[in-house]
Amino acid sequence: MIRTALLVAGKDLRIERRSRVLLWQVLPFGVMGLVLSGLALGPTHAGHSSAGPGLFYLVMLLVTLLMINRSRVIEGSVGTRTSVATLGLDPAGVFLGKALALAVELWVTGAVLLAGAVLVLHTALVGTLQALPSVVVILAALAAAGTLYGALSGGGQGPATLLPVLSLPAFAPLLIAGERSFSASLHGGGLWQWWVISIVALAAYLAVGILLYGVLEDS
Amino acid sequence: MIRTALLVAGKDLRIERRSRVLLWQVLPFGVMGLVLSGLALGPTHAGHSSAGPGLFYLVMLLVTLLMINRSRVIEGSVGTRTSVATLGLDPAGVFLGKALALAVELWVTGAVLLAGAVLVLHTALVGTLQALPSVVVILAALAAAGTLYGALSGGGQGPATLLPVLSLPAFAPLLIAGERSFSASLHGGGLWQWWVISIVALAAYLAVGILLYGVLEDS
Amino acid sequence: MKLLSQRLLGPVTLALLGLTFWLGLWVTPPDKAQGNLARLVYVHPAVAWVALYVSFGTATIASALYLWQRTRSMVMDRVAHCAMEVSVVFILLTLITGSIWGRPTWGVWWAWDARLTSTAILGVFALAYLALRRANDDPDLRARRAAVFAILAAINVPIIHFSVQWWKTLHQGATVFTSNRQLLIHGLMAWTLLISFLAFTLLFFWLLRARYRLEVLRSERYDVFVAEALAQRRREGVR
Amino acid sequence: MVTLRDAVVLVGGFPLLSGLNLELEAGTLSVVTGANGAGKTSLLRLIGGLVGLTSGSGRVSDIDLATGDLRELRRRVGWLGHEGSFYDDLSANENLAFAAKALARPTNEIAGVLDRVGLTSRASMPAKLLSAGQRRRLGLAWILLRRPALWLLDEPYASLDDEGRTFFDQLVGDVVESGATVLVSAHDPLRSSTLHPRTLTLAGGLVVGDRS
Amino acid sequence: MVTLRDAVVLVGGFPLLSGLNLELEAGTLSVVTGANGAGKTSLLRLIGGLVGLTSGSGRVSDIDLATGDLRELRRRVGWLGHEGSFYDDLSANENLAFAAKALARPTNEIAGVLDRVGLTSRASMPAKLLSAGQRRRLGLAWILLRRPALWLLDEPYASLDDEGRTFFDQLVGDVVESGATVLVSAHDPLRSSTLHPRTLTLAGGLVVGDRS
C-alpha cells in the first residue's frame, strides 16, 4: 500500500512539477482570491484582522476544488484509465498517494497564502505561526476528503461541476473548525476542541478512503 | 454574424439542457456557496444585510468561472475543434453566441441566488428588486468577459486552472461596480456612476470580443 | 549616432540615478511633517510612474502594434514580453516602496485603499500575462493571445490613476502634477523630483534593452537548434 | 489545387515537416503513405489550414498559406481525423443539423446522408455512445453533407468494417469524378481496383516517393 | 481460459452483448470480427473485467466475472484500446517506468522494450506529442513490459505502419508460443501466414460465426 502510495504521489507531483500549474496558475489565483475577497468585503470589514482566518480558508477551499479537478484531469482519458486499471493498483494506495500529492500542493499554497494574509490582511504574525500545526492538519484533511469526493464525482474529464456540490457540505465542518482554531490562536480562546475535530476528521477521511476508495473507482 | 450567434447559442443551451449541469450541479453549488460564505464570515458579519451584495457577487463570480469552464469543455476534444474549424464559422458570431448562452445561464443562476440572498442573508427585498437591472447588465458583462478569457486561456480541455488567474483581475472592477450599485440600491446613495461603469464595461467587452475573438482561437 | 546613444544609455542612467540619490539624500532638506521619510518622494512616484505608464505602456503599445496587421512582427511581441517582465519588477518596487512609506505614515504596511489594491491587481495582471505566455507553445498563437491580454489589462491603468479621485481614500492625491499644471513643490525639490523621473525612466529603457538583447540571443540559439532539428528530422527519412 | 515549396512546419521547435515540396492537381486522388511519425497527419493539417506554415511557401485552392485567409481555406476543406469530429453530447442528427445550418445548407439532406453511412438506427443517440467505426461513419457523414472541394482524410480505413470500406471507396470514386480533390493518408492500399491513385511516400517530413 | 454463458452486458439500458456464448482455450490466438457496432469492443472489455456482467455467467482465468475479484483479473490482462493508454504528460520512458514499478518489475527492461517497438528516438518526449501510430506502439510497449497471461487487443492494426504490423504479427506469434492467450479484434485478416487464428464473427452482440 505504502509503495503504491509513494508511486502514485510521485507520478502526480512529477506531472505537476513538469506543467508548473501550481506555481503559475494556482498560486497567483490564491493571492488574487485573497486580494479580491478583501475588496468584496469592502475596506471596513477587510481592514479587520478578524476576517483573516475566514478568508484564508475560503480561498484555500477554492484552491482545493481547483486542485482536485486538476488531480482528476491528469488521470487522463478513458483509454488511459482503462490501461491503468489493468495495472491492478491497490486502491488504498492510490487514494493515499493522490491525497498525499494533493496535501503537498495545498501545504505549499497554504504557506504562501498565510504569508499573504499576514502582509495584506494584517493577520498577527505570532498567532499565525501558532495556528500553523492546525492549518497543516486541516489542509491534509481537505486533501483526503477532496480526493475521496473527486473519485465520487466520477473520474477523468467528467463533469467537473459536480464536484463542488458534492464536496462543499463535507468541507464546511473542516472550514469551520479551521477558521475557529485559527481565530482562537489569534485572539486566544479554547483551542483543543477544534484540534480534536480536525484530527478526527483527518483520521476519518483517511480511514474511509483507505477502506472504500476501491468501491468508488469506475468498475 | 447574428445567425451564427443564434446557432452557437442554441447549440450550447441545448447541450446544457440535455446534461442538466446547471440545474443539478451549478445551482446547488451557488446556494451552498452563499450559505458557506455566510458561515466563513461568522455570525456577526453575515447577519448584516450589508454583506449580501458582496457575497452575492462573490458567489456569482465562482459560478461564472465554473460555467466558462463548462462552456469550453462542451466544445470537445481536439478532433471536434478541428472539424468545427472547417465549418469556418464567423468568430464574432461564435463569440456572441457563446456569450449569450453563458449570460442566459448566469441570469438563471443569479435569479435563484438573489432569492437565496433575500431569504438567507436578510437582504432587503425592495432594494434587491431595484438592483435587478444592474445585476442583469453586470452578469451580461461577466458573460462577455468570461467568454473572452475562456478563449484566451486556451480552448478545449486545456489547463482549466489558467482561467481564474487570467480573468479574476478583469472581473474585479465588475465585481466592485456590481457590489456598489447593489449596496446603493439597498441603502440609497449615488447610483449613476456604477451604471456608467457597468454599461461601459459590457460594451467594451462586447466590442473587444467581436473584434478580437478570431485572433484568440487556435490557428 | 544610434550606436553612440546606445552606448551612452547605461552610463547616463547610472549617472542620473546617482545624482538623484545624492540630491535626494543629502542636498534637499527634510520635510517639515514627515522628516527624512519624505525623501521617498524621490523614489516612489518615479518608480510608480515607470511601472504604470512607461513599462506597462510600452508593453501595451507593442501589443497593439502586433495585433495591427500592418505592423505585425515578432519584434513587437518580443518588446511586449520584455517590457512586461520589467514591468513586474517596477510594480513590485512600487508596492515595496509604497509599503515602506505607508508603515510610518498610515501605521500599516497595507490598506484596502483603491490605488493600492488596483496597483496590486495590475501586478497580478502582469504575472498572469507571463503565465499565459508559458501556457502556449505555438509562438504565433502565444503572441496573439498575449497581445490581446495585455490590451485588456491596460484598462486597469487609468483606473489606478483616477482611483484617488473616484474613491476618496488614504493614498496621496495628485501632488506632483496638479490639474492647473502648477508644481506644488518648488525649487530644488522639484528639480530633484524631475531628475528622479528621468533617471528611473532611463533605467527602464536600459533594462528593457538588456532583456531584449537576451531574447535576441535566445532566438539565435533557437535558430541553431532548429537547424539541427531539421537536419535530424530529414535524416529520419533516409534510414 | 495544392502547391507546397520547401514547406517547413515547426511545433515546439520540432519540425513536423522539414522542407516538403508537393504539387496536387484539382480533381485527383492521392494517397500519402509512410512510416509512423513520417508526417502524414501534419501534411494534411498544413494543407487544411489547421496549422501554420513556419517557412517556405504554399498555396491551396488559390489561398496563400502564409498570408491568406486560413479561415476561408478551412471552409473549403472536409476533414476526417483520427479522433471524433463532432459534439459528443449531441446526437448524430443534431450534429449534422449544426453543420448544415452553419454552412447554410438545407437540413433535409441529413436523413439521406445518415442512411448512406448506415447510421439511421443510431441517429438520435448521443455521439459519445457510438462505437469506433460508427464514429468514423459519422465523421464521413459530416463531410458528405458539406461536399467540399478538397477532402483531407486521415486513415479513413481505420476501424471501418468491410462494408464501410467498400462504401468509402465508392464514395471517393464519385467525389473525384465530380471534380473534387481528395488526399488520403493510409497504411493499407485502397482496395478498389477502379481507383488509380497517385501514391506519395513520406519520410522524415519530406516526400521521398511519388508513384502514379 | 475464457468461458462465457449467455453473457448480457447492459449499459444505460442498451444491451452491448445480448446473451453471448464463448469458450477460449489457454495459449490460443483468436480474432473477433464483425460489422461496426457488433459488440467487439464490448466483448473485449467484458473479458478484461473492465465492464460488469449484467446477467449470464462467465469465468476468465479462473475468476468468476459475476462474483470474483475483477481487480485481480485486470492485473492479469494486457489491454490495447482505440485510445491512448498512458499519461499524456509523461514521456514514454516515464510511463513505462510507472507501469513497471506498479507491477514490481525491473525497470531496466524499459530501454529494450522501447527499442523493440521502435520508439527509442521518442523516449523522452511527452506522450501527447506522439503520432497516432507511435501511440499505438507505446501501447504495445506497455503490454510487452508486463507480459500478461491474457492479451486483449482492440484493432491493433489501426494506424500501425507496415513494419509495425509485421512486428506485431511476430510478437503475437511469440506470445502465443510462450503460452499466453491472445484475443484480437480486427477488420483486416492478420497478414502473417504462420499464424492460424480462430476467427469469431460477432453481430448484434452475439457470436454468429466461428472458424478455425
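A, B, C, D and E label the chains in the order they appear, each numbered from 1.
Just so we're on the same page, a contact is a pair of C-beta atoms (placed from the backbone, for glycine too) under 8 Å apart; a residue touches a chain by one contact, two chains touch by 3 or more.
All values derive from a computational prediction rather than experimental measurement.
Comparing the chain pairs A-E and A-C, the larger number of C-beta pairs in contact belongs to A-E. If each chain is reduced to the centroid of its CA atoms, subunit C and subunit E end up 58 Å from each other. Centroids built from CA atoms put subunit D at 45 Å from subunit A. Here the CA centre of subunit B is 32 Å from the CA centre of subunit C. In subunit E, the residues that touch at least two other chains are 82. In subunit A, the residues touching two or more other chains are 19, 24-25, 28, 32, 39, 42.
Shared interface positions of subunit C, defined as residues touching 2 or more other chains, are 121, 124, 127-128, 131, 135, 138, 140, 236.
Of all possible chain pairings, those that touch are A-B, A-C, A-E, B-C, B-D, C-D, D-E.
Residues 19, 21, 24-26, 28-29, 32-33, 36-37, 39-42, 45, 50-51, 54-55, 57-58, 61-62, 66, 69-70, 73, 157, 159-162, 164-165, 168-169, 171-172, 175-176, 179 of subunit A are the ones touching subunit B in the complex. Looking at the complex, you find that subunit D touches subunit E at residues 12, 14, 33-37, 41, 82, 118, 122, 129-134, 136-137, 154-155, 158-165, 187-188.
Those residues of subunit B lying in contact with subunit C across their complex are 148, 152-154, 158-159, 162, 165-166, 168-170, 172-173, 193, 204, 208, 212, 215-216, 218-219.
If you check the complex, the residues on subunit C that touch subunit D are 137-138, 140, 222, 225-226, 229-230, 233-239. Per the touch definition, subunit B reaches subunit D in the complex via residues 4, 7, 11, 14-15, 18-19, 74, 76-80, 82-83, 85-89, 91, 214, 219.
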